[in-house]
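Order as written gives the chain letters A, B, C and D; numbering starts at 1 within each chain.
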Amino acid sequence: MAYHPRATPNFRNLVVRPMWITLRAGLRTIPVIGPRFFSSGYHGKQAQMLDDETINRIGDNDSGDIIYAADRETSHFVKSISRPVTIMYPYERLEDLEPWLFVPNNYNGRIGVVWETCTACKACVRACPNDCLHMESEVRVNVLDMPDAPEDDAGLSSVEFVEGGYLARKNDDFEEIENTFSLETAHESAPQQYDFAEIIDLSGTTASVRWTDSGKTESVDLEGMIPAEQDIVSGRIDLGRCMFCGLCMESCPFNSFFMTNEYDGMSGITRDDLWMDAARTRVLPVVHKEAVDRELAKRADKERAKRERAAKKASKASKEA
Amino acid sequence: MAADDWFDVRGAVAWVTEQTMDKTIGMTRFWEQKYWLSEFSAEFAMAGIIFVVTMLAVLGPVWMERKLIARLMDHRGSTIAIRSLWTGEGNIRVEWWKDLPFGIGVPIGWINGFLWNNFGNESSNPKVTQVGNRSYAGWWWALPGMINNFADFTKFAIKEHMPPRDADQVTYEVAPFIIISTTLLVFAFIPYGPSLYAANPDLSLVYMMAIFGIAPLGVFFAGWASNNKYTLIGGMRSAAQLTAYEIPLLVTVLGIAVLSGTLNIIEIAEFQMNNTLGSVWNIFLMPLGAALFLITMIAEVERTPFDMPEAEAELVEGWWTEYGGMRWGLLFASEYLRALAACLLFSLFFLGGWEFPFEDSLIALPLVGGIFGALFQVVPHSAWLLMKAWLVFGFFIWVRASLHRVRTDQILEFGWRYLLPLSVIQLGLSIWLRLGVYDGGPWPLVVPALITVVAVVLFVVLVLDEDEEALAEQRRPYHVSEINKASPGARINLED
Amino acid sequence: MGMKVNHEKQVAAANDVITALEAEFSGEGLSCEVRMHAGGKHQRSYVYIDCPPSIWAIVAETLSEVHAVDHCSMITGIHWPEKSPEMEWQVVVHLMRMSVRNPPSNEGIVMPIISDASILQGSDMPLEFEVSIAIPETRNPSIPSVQHVWVGADWNEKETWDLVGIDFEGHNEMRRVLQPHETPAGFHPLQKQHKLRYHEFNEMYDDAQGFARKSEDIGKVK
Amino acid sequence: MAEMWISMGPQHPMTHGLWTLKVKIDGETIVDTIPDLGYIHRGVEKICESRDFTQITPYCDRLCYASANTWSHSYIYAAENLLEVEVPERAEYIRLIAVEIQRIASHLMWLGAYCPDIGNLTAFVYCLREREMMLDLLQELGGSRMHYNFPRIGGVKRDLPHGFAMRCRAKVKLFLQRIHEYEALLDESTIFLIRTQGVGYAKPEEMVNHGVTGPNLRAGGVNYDVRWAHPYSVYDELDWTPSVERSSVKGADCYDRYRVRLDEMKTSAELILQALDGIPGGAETFHESGDPALIAKAPARASDGQTGFHHFEDPRGESMFYLAGGGDERGKNPYRVSIRSPMFITIPYAAKCMIGYKIADVPAIMGSFDPCIGETDR
């Protein structure tokens, strides 16, 4: 069978051409003259973004200074060596270079739960093929009981201070931590919005409490406090068994189960290190603000409808009586 | 003349041993013994010096290979700098000196603390400091990556060696020592400079080629003794290849001896440097010989494209597989020592030994002559020899990076059917040159010029035979023409 | 060049095969019908054959020679312990008529045939077959092997015996392919009596090396 | 020299994955071979019997680690046959795009792994560079790089992300130009041609009888492609032909199998571009996941008598799932899942193809059949 002219086994093709190609590859890495004289001339070229019909329609308006090269364009880290594809991992991260790959809810990273809206209905525990999710309880503030402004407290809060119950005090510097804190790079549990304490005894407007973190007992005025409760929430996730399939996220009826973008902080030495507790899998509501707000609005409407029905039933009962 | 410069190691060693013998045994009643004793201890010291020089010289090629191959593959290779001794990696500093007994480590701790505080923390690259990798490419003049060689050596020395269960114990243990000892013996007669050599017998060339040829025996022993079918096949292939390339090598070296009229390596080098004798480098007199020598040496040292026995997809590591720990370290060191020996021999035989190119004409230049004269006085001539050897090793790396690995039967066929006749032709040429053209004094310059021009023309003709019109029409070997394919392709024009 | 195989022609070709088969094996309890794939976008037809184990070898040969069924895709063994006495084991064989003929060649080079799918009909219409063979209640189920008809069925039969335990008479060098060679004879994991203890299997954490887990596993073939 | 058995594997540069090929050699030529599989048999069929229909998809992803999407789609089509689900048109187009991108990535993985077997180390890096582009596209679609869990019964998990069509067109067009580079790299290299042409002949009718399908069969000039013979999804609405190679009379050698796969990559790229143009509702519109245009209502239970099977064109051959309904939990779990792996049938045939060649040719022949041991051992 005839060989391609470049493939005929002669001295030129077998020895001279490969050696010249290798020499040029080596010379290309010399800092100044390399990229100028020996560059292969096709890495990181501007890719033709629009298809032909669109180009004829709107003309080839390039997108200003944003150069999109279909090849992954990286490594400004080592100037003299042009590496169009490799990401120098600890120094460069993929989500900085290609943000469209890490749209917040489109990436199957570590599991994250917005505890505020989780009602521990165990749908995710049943949905998981590998049985990684395990129930666990956590002291938390019932979000509906926290009216932003006193006047619109529609009397929805159903939990009051009770002896043996819990109360929470808002820690004030939470707002700015919440926006700057990024779980991917901090690799430790997210900051808490409240400090929780166990109520020992109630007397009028003051109560003696024992703070759960520090363990100190203190008597505290109930004015600025918010009632909290011990709730069963799904939390202990065995990441050693998890295969990041995302079925739990889809099965959550209350839209409070998300897959975060974190892919590298989850290693451990023993299997038990891979057990993640409620704090480690917390996702701050601010990350999925719209989903959380939609969910809260839905629940608030359901609660209000329930109240009206109860009121209507009560009024009907009182009419008959 | 290049021969005599200040770096006269042998003279100094002889003087020192003589003085010590005079002052010690010369004073006693056995004073007659001081003569042979000083000569013996001088030779003994020179052997030690040559061993140290060789070990330092072999560090060059090992480091060069690692860095150049990395550079060809667009990364920097190992960048561990000397600074990593005291900086540690990623904010973690191992205080190893605390484990030393009897508090020996304490002063080392002080020095380390001082270096850590003054020269350890910052790096010019912001990303490097962010990640805390301080040993990343320290100062360039500290040869980043050189420390890896010492790290590798200690790893080989420490690693446990597990001989295969029912290997043939005796031959298994003997094989690596045959290889490493013959390789080191080769350096006994390689002169690093006019007065830097361990021994200088008259027939040093014949001895050199004999000791160089013993390695295939060790290789075959290693292949056979490790009781592993793959290593047996690898050992056989390697022995066949080495013997196949031994004969053209010997015939080419014979051509050199004939041209220089001696069988002593130092005299060959002198012949090329001495203005009264030959004063023309042999590479210009026998370019074909130089090419043959390089090819056979690459095969002799088992480097790509001739390293079939050692690394084939289905042979895994060839005859090296069953060795580990220090035995593998010795084999690894012997591979690079043999490569260094090959480069030194090439520069001695063809590139005029330890003479700087055009040394005499540079000194004779009108204006700058003086500067060159001073330079050649100050720098010891062994440095030029080492420079040439490392350049030849650079060529070896370039060959390794670009050529395909050739199959065993193709290697043997190429060895027997092409190299052997060519080397015999080369021998005939050198005999004709020596007897017919040479008349005692320096070569008439027209002879090397003519030979070099003919060689270059031949090479260019060999390279440029390109079939232009076939290339233009991109004739492909396969015959999948677009069999009346539906024409979705037409919608995407591939040519742009 | 149309890519769509004509649906009516495919059903017609299936019916031809069924009438031929029923004519030949009328008495022996062979029942065939054309069934439709119910999912996806296309309702494609395939030939379903219910065949007693005794005549399976002959049916296979006729399919292979007469109806040009040249490809055996898969042989599956299923174990129905509680279903019914006459079907404790079932072997489902999937065959296919790939309508592949030797490509012609001129001066040593093969000329591949790319035919137009829309005009295919009759015996060169690609068809799918599903043959279900029910084996009545027995300790060691076995059916005749079709290794000699389609060599492709060779490793399928080995795998079926290895995992489900249905033997194939006339299959030379039957051996375990997917399980380790030293698996005890008689252990076929896909039989229904082997329960998967995965869900409540949490001792893995408190006793990773399994020192405490001695009770019910000793001596029993797991 | 007397004949001796040497075993290549289970850890051996030649095997792409964990399996052993016992080779009886006389000197350098091969006399007899026995393949020995089953090293990574995970019992996926047994695990699937205790999972419900949606939970099985992630396990089918992990059947073959080089082409996860094709296997999960193959299972989903069989499950849709079992549960009688009608898939919306847009979901079928999105599935086709995901499967064809995965086919290109799988063929690139094969080409990348095949060249070092023959000694050409640089091609591996070239192929992985292109595969990186394809994995980016799949990461946008499925959410991760290797195992996506992308298809659902009755549709897909999520619609094409914003800007996906634009990036996909750019990357596929660049890939079509880069294929010329592979042809330059390999067709013009003498050593590659010497090592692959005339090595590992496989006769067409022998292959059909042995059950070999896919690119290995089409290399012998046999035009059998499941997407063409039993069209599922929307393959019959797009304009394409299977890539068939004109091999020599003695059969298909390694070079023809390389040619067929290179041609198939081009066809897949063209299919993606056509699908992007022809997707109903346009590639730029975006539907929330769970939208009826993306996923249809599907029953979660399959009663006892129901069965479903589907042939699917995997980059290595014809993969197939057979599901019998009526498992425990009142039919939520399948009673039996049977998986046909193309390589489980092709490897024994490939082992027979090697008889008569040299040991140095074993990696070339075995590599050209593109074995993927994950799906072989299930």
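As a convention for this text, contacts are C-beta pairs under 8 Å (C-beta built on N, C-alpha and C of every residue); 3 or more make two chains touch, one makes a residue touch a chain.
Just so it is clear, the model here is predicted, and its values are computed rather than measured.
A.B. asks: Computing the C-alpha centre of each chain, which chain sits at the greatest distance from subunit B?
C.D. replies: Farthest from subunit B by mean C-alpha position: C.
A.B. asks: Quick check: more C-beta contact pairs in A-D or B-D?
C.D. replies: A-D
A.B. asks: With chain centres defined as C-alpha means, what is the inter-centre distance between subunit B and subunit D in Å?
C.D. replies: Chain centres of subunit B and subunit D, defined by C-alpha means, are spaced 47 Å apart.
A.B. asks: Where the centres are mean C-alpha positions, what is the separation of subunit A from subunit D, in Å?
C.D. replies: Comparing mean C-alpha positions, subunit D is 33 Å from subunit A.
A.B. asks: In angstrom, rounded to a whole number, how far apart do the mean CA points of subunit B and subunit C lie?
C.D. replies: So the centre of subunit B lies 63 Å away from the centre of subunit C.
A.B. asks: Would you give the residues of subunit D that are in contact with at least 2 other chains, written as numbers and ranges?
C.D. replies: 173, 187, 189, 193, 197, 238-241, 244-246
A.B. asks: Specify, in ascending order, the residues of subunit C that touch 2 or more different other chains.
C.D. replies: 1, 109, 112, 114, 198-199
A.B. asks: Going by the contact rule already set, what residues in subunit B reach two or more other chains?
C.D. replies: In subunit B, the residues touching two or more other chains are 404, 476-477, 479, 483, 486.
A.B. asks: Please output the residues of subunit D touching subunit B within their complex, sorted ascending.
C.D. replies: 4, 6, 8, 12-14, 28, 116-120, 173, 176-177, 180, 183, 187, 189, 191, 193, 197, 238-241, 243-246, 255-256, 259, 263, 266, 270-271, 273-274, 359-360, 362-363
A.B. asks: Can you tell me which positions in subunit B touch subunit D when the two form their complex?
C.D. replies: Its residues touching subunit D are 229-230, 233, 312-314, 316, 404-405, 407-408, 476-480, 483, 485-489, 491-492, 494.
A.B. asks: What does subunit C use to touch subunit D in their complex?
C.D. replies: Per the touch definition, subunit C meets subunit D at residues 1-5, 37-42, 44, 70-74, 76, 78, 92, 94, 96, 98-100, 102-103, 105, 108-115, 117, 126, 128, 130, 150-156, 159, 163, 176-180, 189-190, 194, 196, 198-199.
A.B. asks: Can you name the residues of subunit D that touch subunit C in the complex?
C.D. replies: For subunit D paired with subunit C, touching residues are 37-38, 41, 43, 45-47, 49-50, 77, 79-87, 89, 92, 204-205, 208-213, 220-224, 228-236, 238-242, 244-249, 307-311, 318, 320, 322, 324, 335-336, 338, 340, 344-345, 348, 377-378.
A.B. asks: Quick one: in the complex, what on subunit D touches subunit A?
C.D. replies: Per the stated touch rule, the residues are 51, 54-59, 61-62, 128-129, 132-133, 136, 139-140, 142-144, 147, 149, 157-158, 161-163, 166-167, 169-171, 173-174, 184, 187-190, 193-194, 197, 277, 289.
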